[in-house]
Every structure is written in structure tokens, then in C-alpha cells.
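Across the two complexes that follow, chain A remains constant while its partner is chain B and subsequently chain C.
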Partner chain A sequence: MATEKPLEAVLVVVGVLIAGDLVTALLITGSLQFADVGGLVKNGLMRGLVIGLAGVGLSMTYSILNFANFSHGDYITLGAFTGWGVTYLLAGLGEADWTNLILVGAGGGVFGAQLGISITGTTLAVILGLVVAAVATAAAALAVDRAIYKSMRDAGGIPLLITSVGVAFALRYVIALVFGESVRGTTSPDIPSFALPAIDGTVGINAHDLVVLVTGVALMLGVHLLLQRTKLGKAMRAMADNEDLARITGIPTERVVTWTWVLGGGLTGVAGYLLVLWRETLHFRIGWVLLLLVFAAVILGGIGSIYGAIFGGVIIGLTLSLSQIWIPTDFARASAFVIMIVILLVRPQGLFAGRATA
Partner chain B sequence: MNLLGISDLDAGYGDLQILEDVDMTVDEGEYVAIVGPNGAGKSTVMRTVFGIATYMDGTVIFAGEDISALAPERVIHKGLGYVPQDDNVFSSLSVRENLEMGAYILDEVPESALREVFDRFPILEERDDQRAGTLSGGQQQMLAMGRALMLDPDLLLLDEPSAGLAPDLVDEMFEKIDEINESGTAILMVEQNAKEALRRCDRGYVLVQGQNRYEGPGKELLDDEQIRQDFLGG
Partner chain C sequence: MSGGSDPGSGPDSEASSGGDAQSDPPSDADPASADDPLTRVRESDVSLIVGGFLALYLGYVLVGIVAGLSPRGIFATVTQLTLLIAIYAMLTLSLNLHWGYTGLFNIGIVGFMAVGGYTFLMLTMQVAEPGVRSAGGLGLPFVVGLAGAVVAAAVLGFVVGLPSLRLRADYLAITTIAMAEIVRYFYQSNAFQQVELFGMSLGTGGGSGLVGDSTTPFDRYVYEAGWSEGLVDFLDETFRISGTLGPPIETLFDAIVLLVVVAGFYWLLKRTGGSPFGRVLKAIREDEDVANALGKDTGRFKMKSFMLGCALMGLAGALYVYFQLGNTVNPTVFRPRLTFFVWVALILGGAGSNTGSVLGAALFVGILFRGPLYVKNAVENIVAFPDSPATVAGALGGLLSLDPVPFLAFLFDNMGSLRIILLGVVLIVLMKRRPQGLLGHRKETAAAVPLVPTETTATGGLTPGSEGPEATDGGEPGGGGERP
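Now for the complex of A and B:
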């Protein structure tokens, strides 16, 4: 058996070794605490949800337009800045100059920590920020499509991809120009949290972790219901399957494309906002830095599959986190790509390819 | 008056012209077959009527209305249904969802039409939850026809409905098409299986190198010595 599938055999051995090492460290030598592993799992899950949410948007435009959109990362950044601008404005209105606020404290005018921003302290500011992140990013994604991508859609995937790299740079530096290049902290230092018992210690979970979890899961569930139950969702799946047939059937494909950008852009904007809420800092490269991980998640899940993007995101997030048990943090990103390569070696089409695409 | 009237049609793909001065008519309730050698442009006729190929010149009139350069998603509104030869189902959608897509332009899926399709193709009802991509070739062909029948079209365009089917299924397929025609739907069919198609149809066209070569009642074409030798393999 081992000779028939040498790759699988090696992977199983590696998996057993890793699991064995984990068990030894946790139970026998005690060099690793359950609470620490729990903390890493939590962090991995949070980051995975954000990557998955952004991945759903990327996967949607890929499957319906056959377009690997490299400007997607900067849509994440755009969502973060527009959303947080509104959050700052609402949280700090009357305390600081409104232009400083809406520019998310560009030039060091105001600081998120002073404004005391948190889901419990400034609930409305955070919720409205989230909504604005979705709306602004959807509008921007649609505007970019109308202005640039639409006219060249028939030229094929490669010209679109290359153009999107240009759009990514343009968007990124427009954001830097407007909002500044500085890294800033965004949230209040004291966010309500509780300790989840974990055998030999506790795992701290704060209110913002819960916001990421609830929003992420709710939106993914929403996308699932949309795709499976609504006429628009079915039309999107139909168009992803076979565009010519969709047109013959009378599906207004241009309207479906519009909705694809709106939904994909909206989810991506929310992902950007949540990313900042979770990591508590913001700068103009956050989306670009995340983009390769989002691509990795989408590809290992099976590009074009919504469910693949979600699972891929969680797998990538957990890998990033848990690999830190064995390797230095700086190499964590590499481990995420190793996992992607390994999964593609075993299943070249990705985990969910050909299933329930949209 | 003809239901479908194609006259002096030039069409192709991009700059490549395939059809030259093609004339064709289909009357209400008529069953018309297009036969001819490979590459003659048979499928291109249908693809042009549905706006997928590049229309160049000439006219396509349906029910008195010029639909020559209409976008594909508009053609279905006029009362035409089309079953392409390949990739004619949405493979990741379920059987029922495929049929629902057939009635996409209506606000609600008409239960009576769904019932009729299920009665015509009982296998589709048995498998209504199954993903279309997992159906056999014959079942996919039935699903594609069922989808096209959801709007009860006046004219159904069928592109090689027997292609790739097992021999015992070919007969069944042709019988289903006869039934559909007998219930009042006009048929325009492209067929590689020329003898069978000409035997069953009211009228046939022989298309060669993008041009009309012969035209007449199916049986006459079938009996014509010249046509038999040139196009039907003796």
C-alpha cells in the first residue's frame, strides 16, 4: 500500500509525528500548555474567519467572471479605512476635529485608544463602521468594474489579472495618500473579556473575538442561504457553471455580475473591518499582506467554491497559528503555503472543487 | 406565414464567416431537420438564431418580429427554446434547479410546466435532487430538453439530440421528440444521424459548406439518389 501511494504514506507519517510530538509535549514533558495551544487555536480561527470571508468575495468574482482579482487585497484595506473612519467619527465626535477622525487619525491627530473604541463602549460606532465598510467597498468594487474591468472582460482572464495588479497599486497608494502611511492602534486597551478554562490554564476571549466569530459565521451562513435558496443565488451558480447556457436561459448576466461585485465587495469590506477589530492595528498594507493568504485559502479550498474558501480560510488561519508551536513566528506564513501545496499534491483540484460552486 | 423565417443569413464567429446566404423556414407545428457533413455550419444556424454566434447580414424573423441581432438573454422571451449540443445542463445545480432556471424569466416557476416535464421524462422526477453533472449522458439530454420546455416554447431548437447516446437510447430520444412535436411545438433539429432525422421530419435542409444545397420533404431527400450518395453514405 505504501508503495502505491508514497506521497500519502509520507504525509501520514509526518502527521503522526506532529501529533505525537504535540501529545508528548502536552501530556508527558509538559513543555507545552493546553491553554497556550487553546490560545493559538482561537487566534487561528479568528484570522481564518477573516481570510475565509475575504476569500468568499475573491472566489465569487473568480467563478463568475473567470478573473483572479489581485486588487482584492486592497478592497480589504479600503473596507478597513472607510469603516474605521466612520467608527472614529462617531466615537470621537465633539472630542476631536472631524477631519482627523474620518481619516482614522491620519498624521497622529487622534488615537483609537483615547477614543475608547470597543463593541461594548461604542457599540453604535462599531456597528455602523461595519456597515459602511461593506457599503463603501461594494460601491468601490462596482465602480472599478464599470470604469476598468467591464470593457475588457472579453479579453480573457490574463489581461484582467494584470490590470488588477495595476488597480491594486493605484488603490493602495490612493488610500495611503488620503489616510496616511502610519500604523495606528484602533481600539480601547480594555475590551471586556472572559477566561475560558482550559485544563491547565485559561484562554482569554474578548468581546471583539466574539464579534468576529458571530459576524463571520452569520455572513457565511447568509451567503450559503442566498446561493441555495434564492433566485439570484441560483442564477449566480448557473452563470458560474456555464455562462452561454445562462444567457440562453434568459438570465440577465450583466445584472448577476453587478450583484456579484456588490456581494463580493461587501463581504470583503466587512473582512477588512473585522481584521482591524481583531488585530487592533491598522495600516495601508494590511489587505495586500493578507491577499496571498486569501489566495492560498481559496486555491486549497478549490477555486470558485464558496465553501472551499471558508474551509480553506480556517485551515490557513489555524496553520499560521499552530505552526508557531514548532517554528519561529516569522516562518508561519511559509507553513500556510506548505499546507496549501501539500493539499494540492493530494487533491490537485482543491478540497471542494466542482461542488456547489458559485 | 412562417413561424421562423431565415433569409440571406451570413454569420460566423468573430471575423470568420461560416454561413453564406442561408434561407430556411419553419412553419407553426412543423418538424424540420438540418443535415449535412461536418463543418457545414448546421449548429451555427442555431447559434446565430440565439445570438451566440456573430450575426453578419440577412434577417431572422420569428413570429413576425425581426430578432436578427437580439442578445441571447432576450431571445427566450420571444417563444424559442434551445438545447445546445454540449454543456447543455448546469452541472453543479440539481435537476430541479436546472428546470427552475428554464423558467427564470417568469416570476414564479410554473408548477404545471414542471409537472408536464416530469410526466414526459419520469427519470427527472426520480432524480430531482441529484446534481445534473452526475446524470448519465441520456439523462442530461432529457434534462436539457426539459429545461427548454419549461416555457412551453412555440419553436424548439435541438442541436444533435442523439449525439453520444447509447443506440437503444437514440430511438427513445427520437420518439420523445416526435411526442413533443405532436403536442404542437415546432422543431428545428440539427442531426448527424441524417437518415433517422429525415425519416421522421416533415421537411429537411441539406447544408453544405455554409450554404443551402437541397431542400424538401424529408422522405424525398432520403430517396434522392444524389443526396444519398453524397451525404448519407449510400
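Now for the complex of A and C:
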């Protein structure tokens, strides 16, 4: 094994060295605190769940439609803005002008902190915002597919990829035009939180961390059940494996494509909403900036694999935050990209290869 | 755009698309030349390019005159436009080598530009003693800086290409864009902001970037030379326009120098494309397995093509830093969107055609990139718009009460966003309707010497039917063979 795949052997050695260094620093030299590492792990896990959730959507369209969708990041942004517009509207109805609210405070009309938005304070507004984020993004993804991609099904991966870059530009700047280009804070400053005891301190966890965790895990379980237990899931897996064979077997491939966009778009919208809930800020490049990390997660896990996307997302999230222990924070994202490139070189089929959309 | 029947609209097509987006009549320029025997005009790539540039300039001048902009302002705009077009043309030509000839999907252009630009500045900036606050350079001559930029970008190309050129096209795309981001983070990081080495203060400048010497060789030998100052004085005397013509004339000098470099790029890539080496590249583009089976070491060919293109991108990056950014650089310049702008330019002009690359760059910069802002400037000179509503809500509110003015004012105020939307839409429409661009997929003879007395090397659908089957190609919609 090791002799056949020297690069993989090197990677294993590097992994062991890093783990060894971490253990030494924690237990022997004590230069690292468990609580600090715990905080980083928590942050990485949260970010990773969001990336994984968005990655499931990207992975589904990548495997079923066979193209790398560069507008996926802007679907994340779209979900964030539409969802938060509704949350603002419900939380601030009567307190401020409704147009300002639905535009998420464009032009400095209202601020999230003054509306006191949080999962405990304005539960209904947050939940409905989450639902609207999913619905609006799914609808938009479907509309874009009907208007643009549908007539290009046979164009091949690269023309579709280039087209999706055009979609990304147009969508991002339509969002900028409608919602403005300002960066805004979205949530109330006091979110209920508690301290989880670590060995030598505590790790702070707030209610929104739990929302991300619960929603993320629940949706991933849902996707798993859908793919494994329903006819639609079976059809999707068949299509990801071999589209022609799927069509011959009588699977209505266009309908499967529709559902792929609906599911993928919905999950992506939720990811965008949760990202803002967790980060507490929102601006129109939020998804574009995340896009390469989502790609990294999907490629790491293996394109088409749902578990792979989730696993890849968590690995990328953890890399982003834990890499700070060894290298300057400036290079956190660079380290995630390096991992992606290494995976592409060593194992281009990804870690969960051979199990398309499962 | 009428894809199938290209006849007669070689030079016309870009002029009319120039008219579309800018709603002015530059196409008036062309009927004159279109009266000539069509084939002769269209066969000449130079006349296509010159015609495209002239149509663009004419459009700008007409818009400026109609809007009553000052002649000096129009002149300054056009010189700056030319300078930027030249930079984009270099990038588009290099990308054409990657994508149009070899089929390598490189979306990491900014990475190579950044390495070129930074290397150039770090080599040419004055030496700074340790202890000063900002990083210095090595104080080497201008030309050495350019050579360093070329070498550095080629080396990066080698490092990136070595493992990744064997990957699938979409994986290569993701690898290159990730690499470009890594390069940007590297330059942005404060870790290498300033390093003391060999008694000198070197570094990348971190987030605030680098500022090169204010007095450059061009200052010494061109702008402040006796002859150029004399020329500016003479022109100022002759035309008596308010304000000196000095700065636009300097830009004009820069633009001319850059256009000469573009001509060099064009010649080099044309030679490369027509050489036996270039033929192998095209074979790889069409079907790598076949090229391999014929005994070509496709890996080596791809690597050479990739490194050459990267080196040229590095040179373009250095020239961009020197001429466009005023000998300064900072990492935010090299965001990924610049890469995609170059892609739009290439696809607009037509991948696989060097002439198309230059034309695409001119049309992209002139119409899509700078055009909307210029039109905005011009219109504001004529009409005084009321204050724009702060948000889209105010704009739409006006529209509901049948008053379009606030909406128009809002759109105008946000022309910066609007032009990017336009650019995205143009890219989508191009990919759907005319993926081969204006001049893409032209047949180029595989032989180095002319095979037939009449040329087959010239433009796309040259007079369909007149040449037998081999001359009808490219323009056919849907039949465009496409890429792997």
C-alpha cells in the first residue's frame, strides 16, 4: 500500500506529525489550552456544517448535471438576503418602514441589533426566514435552470461552467443593486449562551451555534433518507451514475433535474441563512467568497457523494480554524485550498469515491 | 447575431455590435470599406483589428461630441481606453494560447499576473536600508524587472502545471483558481511584509502593497525628455484647449508602447500557432488521446504551452502594474474577477483566433467595461438627473406611480453594478447563442506554406461556396464542433 502510493504515504506521515504535535502541545508542554482548541474546534465545526450543507447542493448538481456551477456561491448569498429580509420584516413590523425591513436595512434604515433578532427573542421570525431562504433560493435556482441551462443540457461541462460564471456575475450584482453593497450586522448582541466545561477552561456555546448544529444535522439526515428510501432518491443516484442508462430504464430525467435544483437550491439557501445567523454579518459577496471553500469540501469528499460533501465541509471548516495553531491566520484559507489541490492530485475521485450521490 | 451567414460582416459585425450596446452610430464608419471587394478587406486580420479600434474610437468621439464633453476630456478618455485595451489584449492573447489553442482551462490568470507584477516591483524598486518603515526592492533596471516577471510567472506555471495538467478540465480550472487565491493570500499576508536580507529591507508589503519609485525610466527618457515637453508645448499652443495636454500625451506614449508589445504578443502567438509545435497544441485541443497515439508527448507540449502563456501573463501583469497602476501594487487588484473579465473578452472575440482575442479585448474594455461609465458621464453632462433614491424601494415606488425618473436615476447612479450585470448577461447570451464568439473556430491551415494559391488562412466563413467545402467552417451555428 505505502509503496504503491507514495504520496498518500507522505500525507499519512504529515497527518501523524500534526496530530503528534497537537497532543504534545496539549499534554506535555502545555503550550496549548484545551479550552482554546475546543473553541477552535467548535468554530470549525459550525463553519464546516454550513459549508457542507451548501456543498450537498453543489455536489448534487455537479454529479447529476455534470458541471461545476460557479454561481452556486451567489445562491448562498441569495438565500441569505431573502431569508433575512423576511426575518427583519417579521421582527421589526411596526417599528420601521417595511421596505427598509425587507431590504435588510439597505441604505442604513434599520439595524439588526436594534430589532433584537435572535432565535430565542424572535423565534418565529428566524424560523420563517429560514423557510423563505430555502423556498426563494430553490425557486431562483429552478428559474435560472429553465431560462438558461435547460436548452444547454448537451453543451458539455465547460460551456456550462462558463455560462454559470455569467450567471454568478449577473446574480451577484442584481443582489447588490437591490439590497445595497453595505456590510450589516444582523443579530441582537445578547444571544443566550452557556459555557461548556473543557479540561482547563470553558468553551462558550450560544443558541445560534445550536441552531446551526440542529438544522444542519437534521437536514443532512433528511437528505440521506430521501436518497436511500425514496424513489426520487434512487432515480437521482441512477442518474448521477449514468444518465443514458437512467433514461433507458424509464426514469424521467428532466423531472429528476427539477428536483435536483429544488433540493440543492433549498439546502444552499438554508446554508446562506445559517451562515449569516452564525457570523452575524451580511454583505453581497458572502457566498462568492465561500464558493471555493464549498468546492474544496465537495472535491475532498468526492463529487456526487452526499456524505462526502458533509465530511469534506467539516474537514475544511476544521482546517480553517485549527490551522491557526501552526500558521498565521492569513493563510487559513490558503491551507484549505492546499488540501483541496492535494486531494485533486492524489485522489481526484475524492475520499468517498465510487458511491455517487449516496 | 446571424451566425450561419457570416458573409459580408467581418468588419461590420463588430461595428454593429459596437452600436448595439452604445446606441450611437459608429457603424457609419464601415459601409465605406464594405463597398470594397469584401473578401479582400476581411482577409486581412490587420484591417479587422484596425477597423474595430477605429469604430470604437469613433463611437467614443461621437458620444463625447454629442454630450458636449471637452475635447481634452475625450482625448484623455480614449488614450486611457487604449492603454487598458492593450493590457487586456495581452492577457486575452495569452489565454488564447491556453484555451483557444491547447484547450487548457486556466482560470488562475490573476495569480500569474500578480506574481509578474510583484516580482517586477520587488526587482526594480530602490534598495531600502534596514530599519526604514517600508520594504524596498533590489534597484535593478526596468528591463531586468520585466525579465524577472516573465521568469517568475513561468516558474509558477511549471509548479502549478506539473501536477495539474493531467487533470480533467474542470479540475484544472478549480486548481488554477485556488492557486491564484493562494498567491493573493501570500502577498496579502503580513508574514512577508518586510524581511531583512543581506542588509536590505525586502518584502511584499502585505495588505498595503508596494509603492515603486516615483521617478521611473519613462519619466527620465520619455515624459520629461526635451522632445516630449516640446511636443506638449507645441500642441498646447496650437490647440489652445483649456488645461495642458501633458498627462493625456503621456498616456498616449504609454499606450503606443503597449500596443507595440501587443503586436509582439500577436506575432509570437501567431508564429507559435502556425508552427509544428502549434499544430500539436491544436491536435491536443481536439483530441488529446489521438495526439498521444500519434506519438506526441502531449504532457510536454501542454506544459510548454502552459508555461509560455503563464510567462506572457506575468509580463502583462508587470506592465499592468507599471503603466495602469502607476508603478504601485496592492493585493486587492488581483481579485478573481479580473480573470473572468479576461475570459469574457476571449469568448467575445472568439477562442482560437488571435485576431479575435485582440478584438474581443477592445470590445470588452470599450463597450462592456468602460462604455457604460463613459455613457453615464456623457448623459450626466446633458441631463441633470434628480438625486437618486437611496434604495431600490424608492426607485420602484416611483415606477408604480408612473414616474420613471427616480428609477432611471437609481439605475444611473448604480451604473457600476449595472455594467457587471450586463457583462454577465452578455456572457450567458454568447454561450447560448454564439459560443464561438465573433471570430472563433476559424480554420487555420495545418501547413506552414500555402497549399492553394488562394488563401485558406483568412477569416471564418470567407464567401461561402466560393472555395469549395474546406473554406466553410467556423460560423456555422451548432456545427461548431466545440471543445472536449
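The criterion applied here is as follows: the second predicted complex is superposed on the first by the 339 of 358 C-alpha atoms of A that agree within 3 Å, B and C clash if a C-alpha of one lies under 4 Å from a C-alpha of the other, contacts with A are read in each partner's own complex, and residues count from 1 in each chain.
Please note the rule applied: contacts are C-beta pairs under 8 Å (C-beta built on N, C-alpha and C of every residue); 3 or more make two chains touch, one makes a residue touch a chain.
Everything quoted here is computed from the prediction, not taken from an experiment.
By the touch criterion stated above, A:82 is placed in contact with neither chain B nor chain C. Using the contact criterion defined above for the overlaid structures, shared-chain residue A:248 touches chain B, although it does not reach chain C. Of the two partner chains, chain C is the only one that A:292 touches; chain B does not reach it. Legend: residue contacts after superposition of the two complexes on their common chain; A:344 is shown touching chain C, with no touch to chain B. Contacts of A:235 after superposition on the shared chain: chain B is touched, whereas chain C is not.
One of chain B and chain C touches more residues of chain A, and that partner is C.
By the touch criterion defined above, A:137 reaches neither chain B nor chain C. Within chain A, not a single residue is touched by chain B in the first complex and by chain C in the second. Every residue of chain A that touches chain C in the complex is listed here, in rising order: 67-68, 99-100, 103, 106-107, 109, 148, 151-152, 155-159, 161-163, 165-174, 176-181, 292, 295-296, 299, 328, 330-331, 333-334, 337-338, 340-341, 344-345, 348.
Listed in rising order, the residues of chain B touching chain A in the complex are 50-52, 71-77, 82, 84, 87-93, 97, 100-102, 104-105, 133, 147. Residues of chain A touching chain B in their complex: 231, 234-235, 237-238, 240-242, 244-253, 354-357. On the side of chain C, the complex with chain A involves touching residues 105, 163-164, 167-171, 173-175, 177-179, 181-182, 185-186, 188-191, 337, 340, 343-344, 347, 390-394, 397, 414, 417-418, 420-421, 423-428, 431-432, 435, 482-484.
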